[in-house]
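In what follows, a single structure is set out as structure tokens and then discussed.
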Amino acid sequence: MSEKQRLSRDQIAARAARELPDGAFVNLGWGIPNLIADHLPAGITVYFHSENGILGMGRRAKPGEEDFDLVDAMKVPVTLIPGASFFHQADAHLMTRGGHLDVAVLGAFQVSERGDLANWKVPGAKGAGAIGGAMDIAAGTKRVIVCMEHTTRDGQPKIVRQCTYPLTCLACVDTIVTDLAVLDVTERGLLLRDLAPGWSAAEVQQRTGAPLSF
Amino acid sequence: MKSKICVTLDVAVDSISDGARIMFGGFGGSGFPNNLIQALVRRGTKELTAISNNCGTRDGELSPLFKSGQIRHIIAAFPGPHSFAFQERHAAGEVTIELVPQGILCERMRAAAAGLLGFYTTVGVATEVAAGKEERVINGQRCILEMPIHADFAFIKADKSDGLGNLTYRLAARNFNPIMAMAAATTIAEVEEVVPVGAIDPEVVVTPAIFVHRVVVAKGIRYV
Amino acid sequence: MKSKICVTLDVAVDSISDGARIMFGGFGGSGFPNNLIQALVRRGTKELTAISNNCGTRDGELSPLFKSGQIRHIIAAFPGPHSFAFQERHAAGEVTIELVPQGILCERMRAAAAGLLGFYTTVGVATEVAAGKEERVINGQRCILEMPIHADFAFIKADKSDGLGNLTYRLAARNFNPIMAMAAATTIAEVEEVVPVGAIDPEVVVTPAIFVHRVVVAKGIRYV
Amino acid sequence: MSEKQRLSRDQIAARAARELPDGAFVNLGWGIPNLIADHLPAGITVYFHSENGILGMGRRAKPGEEDFDLVDAMKVPVTLIPGASFFHQADAHLMTRGGHLDVAVLGAFQVSERGDLANWKVPGAKGAGAIGGAMDIAAGTKRVIVCMEHTTRDGQPKIVRQCTYPLTCLACVDTIVTDLAVLDVTERGLLLRDLAPGWSAAEVQQRTGAPLSF
């Protein structure tokens, strides 16, 4: 029996985009979150923040219009929207750590039922690892949304009772948007708020390493 | 998207409740949000904690709020020789003050802005300022632990705002205003002029819009 | 009054000795002092401690200093997927690294700049970053003590300098450069252009001249 | 027997001005220090710093040219010299506390032989006191010079073994310029470096509350 259709990475991003309020200041992390800017609902303006000191990033630069002094945190040339501003990296992280951003959308390897986040290092991997801005962003942002596949490639749950990967931050995740569902981290555990088309709560629970309430 | 531009000064201060902690920008007669202060006098909000470099001039800056008895506690670096309204209330025991070295005042507000929980400094060691504070030795230097200063509101004075709340300041009227804008939960800016979104060069914005929640146009009032 | 303007890149780096701690600005390919890095390769200074967001691209940014074996230790937030020269030296045990969350890297440099002796933060609590650090609870929040990062030199990249060293930056090339300029004992800036003293509006100076000790003109080199 | 001629306040300021190196970044405190800018030797450029966020203050504004958004820390309208810059108050004190200023010249009530400074509060005075920027400036600046009268109005020494006034900062003063002498604070105590015209070392010692070396 082959698996049912899951949301594509772009569809996950589009679902997460619907979580962003109009006028919000938002940081997008590596991976699926970085696709969100292309999926904003019509009529919504979001001020995207980049750790290198930009508020108000617009769409990616088209070929020929790139300015390599105007890049996002993934090194991609971007554009500005009206009302943008520049500042230095310490002020950029004063914004993240100090709770000034409305929403951060981050990728993850694992999220625990209490909202612990692991997204910077694979256990046993060679090399030094790479923290970047994720720890400051996760610790400080008012609302942290994780976008990821619901399970690993070999079908193991990425939503677990306790993270086994090196932690990024304790109890920081508020919402998880996956290819199967939208979950909120609440004081009473994980709450299933939305399902991908064609999926049942029981099927999602089966693929989740922690109990869900509905 | 809700506009940050308030139609009147009174609307700009209409959500401030008794007991609020409010930062007030300004230094040396420049950069004071005097119009917002007048609106707060009209509103009559009581039991305020004020955070500001000084405690008013003969008639202006914070003095109207001391005259009206609205301020209960102030955190300041330099009360000022003509802060008579404050001095009277303070002598009568109606107002308490925490005196803080000016740079430490800035730094404690910045710690609040930056989500830090405290910092160690040599400033104030062995002085009255150190009373009651944790002291330790780091790298052979005596230092004390200073805690962040948070506030519910910042009243600031800027020169220009765009429609989103990106701010610029005039000359040394900048002073405490950008730091307070970053430190408070809600920042209310009185400005000389609102310009269209996009009219301020992103490289010369001093206070990015993320730190500004309400903007109101009012011609600056200055007190000697 | 001695001029800060250096006639060549080699003169700009001529006082750097073995064992120096050096901050290097730049982020995402923008704002890197690549010309100064090349001068430091020519100079051959050894046993360096580098402080920078990442550890080099395939051929540029810090990679030449790893290839030449001049860096012994690096403090960084994100080594980067193409930092092959670093990765090789690190795997061979020839280079050690301290990995620091990016905002905390900024904040520790700023603490050095501002004369603070340490600060408490929730960032990194219960992670590998907290290993060996003092932990305590402040206002019910677990936090760790982070210490300032000092440096002998900062290599930065700016757009314009006036003859005194007042600097402006281009767009997001600002990134780490202003913070490093404030944090290091001696700051060396490579700039696109030197303009006359007085040609930069005092309100738009980003790095005041007090933080800049040497300036050298060099056209930016960029690495993908 | 009447006292010999002492230096005037302007003469003290002029003597202190000779301590400032060309190109230095300098903060001037209340009182006699504030007179120094008018007494710089010819050919010397000094970048005066103000706590409200100015580097590169020039002379005071003449009547009619005042701009009340361009005032020094004493609220006096000033001018700028070429190469000046503005920044916010936290950066202004990052400069003081962080050791970026070359020299600060401060007034004082008392200085101890170890360089302890008392300059913010008179014991027993009414009111809350007034610290201002002095504690940050004294703690951080590379070289702190005090300018003051050598004795109080009733002839008591202001240079003492131990300060009895509330302290501003421990062991911060490097040099004391008075109406009688110039003294350096050294590891071996106070060193008499210069005398006002007509005064002898013995006479200065007599008016000093701590031992001097010569």
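Which chain is which? They are A, B, C and D, in the order written, and residues in each are numbered from 1.
Keep in mind that, in the parts below, a residue touches a chain if its C-beta (ideal position, glycine included) is under 8 Å from a C-beta of that chain, and two chains touch if they have at least 3 such contacts.
In this text the structure is predicted, and so the values were computed from the model without any measurement.
Chains making contact with chain B as well as with chain D: C.
A count of C-beta contacts for the chain pairs C-D and A-C puts A-C on top.
Computed centre separation for the pair chain A/chain B is 35 angstrom, with centres defined by C-alpha atoms.
Here the CA centre of chain A is 29 Å from the CA centre of chain C. Centres computed as Cα averages put chain A at a distance of 55 Å from chain D. For chain B, the set of residues touching two or more other chains reads 107, 110, 114-116, 121-122, 169, 171, 202-203. For chain D, residues touching at least two other chains, in rising order: 86-87, 93-94, 97, 139-140.
The touch graph of these protein chains has some other shape, matching none of line, ring, star or complete. Here, these are the chain pairs in contact: A-B, A-C, B-C, B-D, C-D. Looking at the complex, you find that chain D touches chain C at residues 22-23, 25, 45, 47, 49, 55-56, 80, 82-87, 93-95, 97-101, 139-140.
Listing the residues of chain B that touch chain C in their complex gives 107, 111, 114-122, 138-139, 141, 143, 147, 168-169, 171, 202-204.
If you check the complex, the residues on chain A that touch chain C are 50-54, 67-75, 86-90, 92-94, 96-97, 121, 126-137, 139-140, 166-170.
Chain B meets chain D in the complex at residues 27-31, 53, 77-80, 87, 90-91, 97, 99-104, 106-107, 109-110, 121-129, 142, 169-179, 206, 222.
Here chain C touches chain D in the complex through residues 1-2, 110, 112-116, 162-164, 166, 182, 197-198, 202-203, 205, 208-211, going by the rule given at the top.
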